[in-house]
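Take a look at the structures below.
In the two complexes below, chain A is the common chain; its partner is chain B in one and chain C in the other.
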Partner chain A sequence: MKRELAQDIGLREGIKRIDRGKIKKAIDLLFTKKAETRLKLYTSTCIHCGLCAEACHFYMSHKDPSYMPIAKVQNTIWKLLKEGANVNNQDLALIAQIAYTECNLCRRCSMYCPFGIDIAYQMAMVRRFCHLIGVTPQYIQDTAHSHAATMNQMWVKEDEWIDSVQWQEEEAREELPYLRIPLEKYEADVFYSVIGPEPKFRSQLIYQAAVIMNVAGVNWTMPATPGWDNSDMAMYVGDYELMGRLKKIHFETALRLKCKKIVMGECGHAFRSVYDTGTRWLGWKEPPLPIIHAVQFYYELFKAGKIKVGKTYPKKVTFHDPCNIVRGRGLQEMARTVVKAFCPDFVEMHPNREHNYCCSAGGGVINCGPPYKKTRVKGNKVKAEQLKRTEAEVVIAPCHNCHGGLEDIIHHYGLNMEIKFLGDIIYECMDKSTHPEE
Partner chain B sequence: MFYSIYTFLVEEAFFYVFSFFCIAIIFRLAYFTLHSLQNDPIVLKFFNLKYALRSLINWTIPFKARNMRLNPITFFVSYLFHICIILVPIFYSGHIFILEEYIDLPFEPPMLPDILSDVLTFLALVSGIFLLLRRIIYPPARYVSSSKDFGLLLLVLIPFLTGFLAVRGIGGDFLLFLHVLSAELLLLILPFTRIMHMFLGLFSRSYTGSEFGAIRHAKDW
Partner chain C sequence: MVEKKDWDWEIESRVIVELLDCPLRYIWREEPKVSPDGEKIAFIINEGENKFSVCQNKTHWEEAYDKVWSLKYGPDGRLSVLALTDEGRWTVVTEQVPWENSFDFAWELQFSTDGSQIGVAIQNEQQYGMAVNDVLWPTLYPNANHFTLSPKGNHSAAVVQTQNLSQGDIFKYQEGVFSVAIDGQTWDTKLVNIWTPIFDHQGKHICAQCRTSLYTYTIVVDGKVWDKEFSSVWRPAFNPATRSCMAPVRIGKKWGLAQDGEIILTPRFYQMWNFIFSPLGDSWAAIVATDLGKWTVCINGSTWKTHFETLVYDITFSPDGQRIAAAGKNKDKWFVLVDDQVWNESFDMVFEPVFSPDSKHLAVKVEKNGAYTYAIDGKVLPHSFDQLWMPVFSPDSKKILLRGITENQYLRAVIPVEG
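Let's turn to the complex of A and B:
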């Protein structure tokens, strides 16, 4: 394995403050004495066949076996099992680097291993280990700190959140004078939550969502208190205690407002955290109230005739299946129904649906910041080729991470493509002439 | 001398070895099950029989899974290898005759025609060697293989090689002796090696199948 340690102060300084006692405790807890059965089972079952290699875009792009899924386990968990707490500092930093930046936890490989061995789960365990010993990439750790201090990912203050929402309401009222973004409304049908970056960088998404909600006549609300952010970098850092706090405040806010269900914006990782990982950590098998992703929500509105096609989208589009809502929740056909209704010129990319290649930004990799941009862009040449083959002008990706990742890939490989959210297309092409209350 | 050790190995030793083999496997499987109750309650809570079976079935049907279609030769040879090494030891006529000498079977045991046993043994050897070469030649497999992986595969092949030759009268009693010894050795260590994947693989596949089917509403093949 040839790897340089990145210029990341989180890793480089982290290993200087290492405490061997902590390492031993973390290894006992996660990989040996108190390890979960799954970890032991996977370690005993894997037959070292390398059949998972072609599942991973990192391997497919580099054709270097050290990037294949099982190699990542070999260079992290097996190393820790072999060397125990005496593992040297440089190796520890590399272990963190592999787990945080060379695996998107996209779970594609568990569909390729004959035994369904879950590499993403194992990498998440390594991240938890790194969190417990205090060796984590700086950028993503900063977002976790923000979560801990503000309950959102982007250091957005409470009044700033309210300001952003009201600003978007004001803007949108120029287009639809009757439009409202109801804050703190009780007993609404829909509690709409978004991720921290929306008010911070992509506030037009709140605008668009508000237009769609208003035109479709949805009884909805957003909270004016912390709990509006459904994102979760704590899950990806490995700080599950913090993840629990985040999910709890998100659920509790929806329950405080006595809403009937939570609808989440177009984000994949947040969805994974809310309906699955975080819910489980809090001890629920099912979430305490129904949760649906924007794609499903749009699909349901469309099927109910509340969203109508005003004009068709003129460009040739393709659809990128985000791992967390497709491999993670099977929303592929719902998404296609809506996409095809608005975009007559639609082409599939290959492979697609559950087998789609990852964007290489998810799993918190893009959140590890600039030191790793090259890793994820060069590690996903195969995605660029896959996109190029479609000859589409626009790729629709209903996930924030996928957006960031695909944008960098399209730019780096010189593809001439635009990236859109599903909401962008609906907003642009829906029939906005009907005022539901008239 | 050989003869008395040989009869010992075939008679008494085999009985103990085989019992040990069964108990060890049951023990190992029980360990994982009980361990999950204590240390990983999620596994049983999220286990879903319907989707576990869905996953197992779809991964058993040849060339259903996408990865099988991407790697047809490897999967074909692996299927062949597994079929041969399971069928021959159990249904080879010579083995059954020996068994009948010691135990009165209440039914007519099914047997492979000798010629078929021969062919399957030969195929087991060829496919085994293919898998061995694959470990050396295919970079991902080589990267993750340790000397243990090579050793284990060789160890599995030895009883087949010695058996194949012994049936042809090559190597005389010594080879027959080696055949029995290596097979029994294999049975002894098998429950503690990766070869347990034949049982544990069902566990992990079932769990992944449950997660994919019941929680993620997605296919896993």
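Let's turn to the complex of A and C:
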């Protein structure tokens, strides 16, 4: 494996502070009999056929065997299994670097492995280990710190959240004079939650969601308390205790307001955490309240005739299937129904649906920040080529991380493409004449 | 303040506001709030040109503001809001009287148990703290969360960030920069994280969840951290009788209970949270999961036989501490659960159960097919409402005050409790 250790104080300082006792403890904690049996099964089942390699955008783009899924596993968890607490500090930092920044936990490779070996599971386990020994990339760790201190991922202060929602309401009233973003409305049908970056950097998404909700006549609310952020970098850092804490406050906020269901904005990783990983960690076999992703919500509104096409979208578009809501939840056809209704000039990218390539931002990779940008962007040349082949002017990606990832790729490879959320398209093209007047 | 015993407990049903679509001057009207005694109903109204005010029983407040939100009746029946003045400052307005202090922002409006003290979270020039009854903390902080007023309202507290953190300073954060400020004064203790500070009944002590490193969770009481550390903890509570502090704690992957730092219930649950004491402190209860998706109630260490697969929520002790009720959920059906028995009917939503003062009766607001009603001692009232507020028992436990909206009328009714 030829890999330079990144200029990241999280890793570099992390290994300086390490104590061997911590490593031993983490190994004992993680490699329980059950986990070890599963891992050993993977080790002995893998026939080194390399089929997973062609599935991973990192390998496909870098063409360097060390980016093959199986190589990443060998260089991380298998190494830990073999060397135990004797693994040296430099290797530990590299192990963290691979696990956090060279695998998106996208699960594409498992689909191609003849034995269904779950690479993402193993990489997530490595991250958990790295969290326990305190060797984590600085940027994503800072995000987890924000989660713990404020219950949102962007250090958004409590008043800033309320203020930005009220501000978006005021702005949107310029367009629809009776529009409301009902804060703290009890017994609403829909509890709408978003991710930390929305009030901070993408507040127009709150505006657009409000317009869609109001035009569709949805009885909805947003909370004025922490619990509004559904995102979860704690899950990706490997801090599962914190992940549970975040999911608890999110669900309990919806339960406090006695809402019927939770609708989440266009974010993939948050959906994975809320719908599955975080919820189950807490002991909920299924979410305590029904929870749907915005794509499904828009689909249901569209099918019920509550959002109608006012004008069609004029540009040629393609659709990027986010891993967490497509491979993870199967929302691909719902998304296409809405996209095709609004965008007559639609073209598929290939591969697509559950076979789509990851944006390479997901799994917390983009959240590890600038030190890894180059590897991430170069590691997704296949995505750039895939996008280019569509000759589309616009790529619709209903996921925040995908947006970040695709933006970097489009910019780096000089593709002349815009990126849109599904909500952008609906907002722009829906028939708004039905907006109720009180 | 009219004492609860002096509320109108006689008249069976009285329409308070005839026609909710009143012809008063507003552009739109927000969700109504009703007073504890049911005699008043209020709305935030938009009067056009970005002017907001309040309408109560069809009468307008005299002032209008650039923005009004957080409309709340306090327990004493006084109506408060947060309002934005034309100077662009936020203040608290109670019964039309604004505070003298105003702030860059105000939120988390809250009341003491008797309603006499009103607290609010505030921000001035990017510094955070609280104000209670128009008195501002003397010291403010770079950030604060978990704003809490003591039950008597004599003290207020929040988790505060004691120093600025530059972006991405993960190591300084891990040294611990958070504390609890009480009336603006912080503990000497600084911790990695602190959550949910809880006052005791007198407002003299505070316990909270905390993290002493990224991996070690425990409870902090009045700035003193318990000796034992856990892999996680949930919200603690003070025993109202002895003032000892108990909290669900996690060891390895199992949850149990600790009191003043010592394990008193060996961890064995998949989950254990929302821990409460009975009003007299002689019993405790918590929601537990005995396994993934197997939820029930644990009282003084014994678990109920009844389990729900989706959720158990809103556990409530009767005033005498002898009974417990909760809401339970299987898939999309909600049930009322009391003393390990499930009431027959299922609902689309079950709200927090309410016991009578003598602990003999239980009233629960429930929702079915888009309409609300009460289920009282297992029987569902025949009337349903478009909107309904929580039931309130009379002090003698013989009657229930119902506050609801039906056919565009807001009414209050007094229902006798059978048996």
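Keep this in mind: the second predicted complex is superposed on the first by the 425 of 438 C-alpha atoms of A that agree within 3 Å, B and C clash if a C-alpha of one lies under 4 Å from a C-alpha of the other, contacts with A are read in each partner's own complex, and residues count from 1 in each chain.
Methods note: contacts are C-beta pairs under 8 Å (C-beta built on N, C-alpha and C of every residue); 3 or more make two chains touch, one makes a residue touch a chain.
Just so it is clear, the structure is predicted and the values come from calculations on it, not from any experiment.
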Which of chain B and chain C A:Ala148 touches, first, second, both or neither: second
Touching partner for A:Lys82 - first (chain B), second (chain C), both, neither: neither
Partner chain(s) touched by A:Lys16 [first = chain B, second = chain C, both, neither]: neither
First (chain B), second (chain C), both or neither touched by A:Trp284: second
First (chain B), second (chain C), both or neither touched by A:Glu184: second
Partner chain in contact with A:Glu158 - chain B first, chain C second, else both or neither: second
Residues of chain A at both interfaces, chain B in one complex, chain C in the other: 280, 285
Residues on chain C engaged by chain A in the complex (per definition of touch): 27-31, 50, 67, 69-70, 104-105, 107-108, 121, 123, 128, 143, 145, 161, 167-171, 173, 178, 192-193, 195, 211, 214-215, 217, 231-232, 250, 270-271, 273, 289, 292-293, 295, 309-311, 313, 329, 331-332, 348-349, 351, 367
Interface residues, chain A side, partner chain C - complex: 9-10, 13, 131-132, 134, 138-139, 141-142, 145, 148-151, 155, 157-159, 162-163, 166, 170, 177-178, 180, 182-187, 224-226, 239, 241, 244-245, 248, 255, 258, 260, 280, 282-286, 288, 290, 438
Complex contacts: residues of chain A adjacent to chain B: 34-38, 40-42, 44-51, 53-55, 59, 63, 65-66, 68, 70-71, 74, 110-112, 114-118, 276, 280, 285, 326-330, 351, 354-355
Contact set on chain B toward chain A in their complex: 32, 35-36, 39-40, 42-43, 45-46, 55, 59, 65-67, 70-71, 74, 138-146, 149, 194, 196-197, 200-201, 203-205, 207-209, 212, 215-221
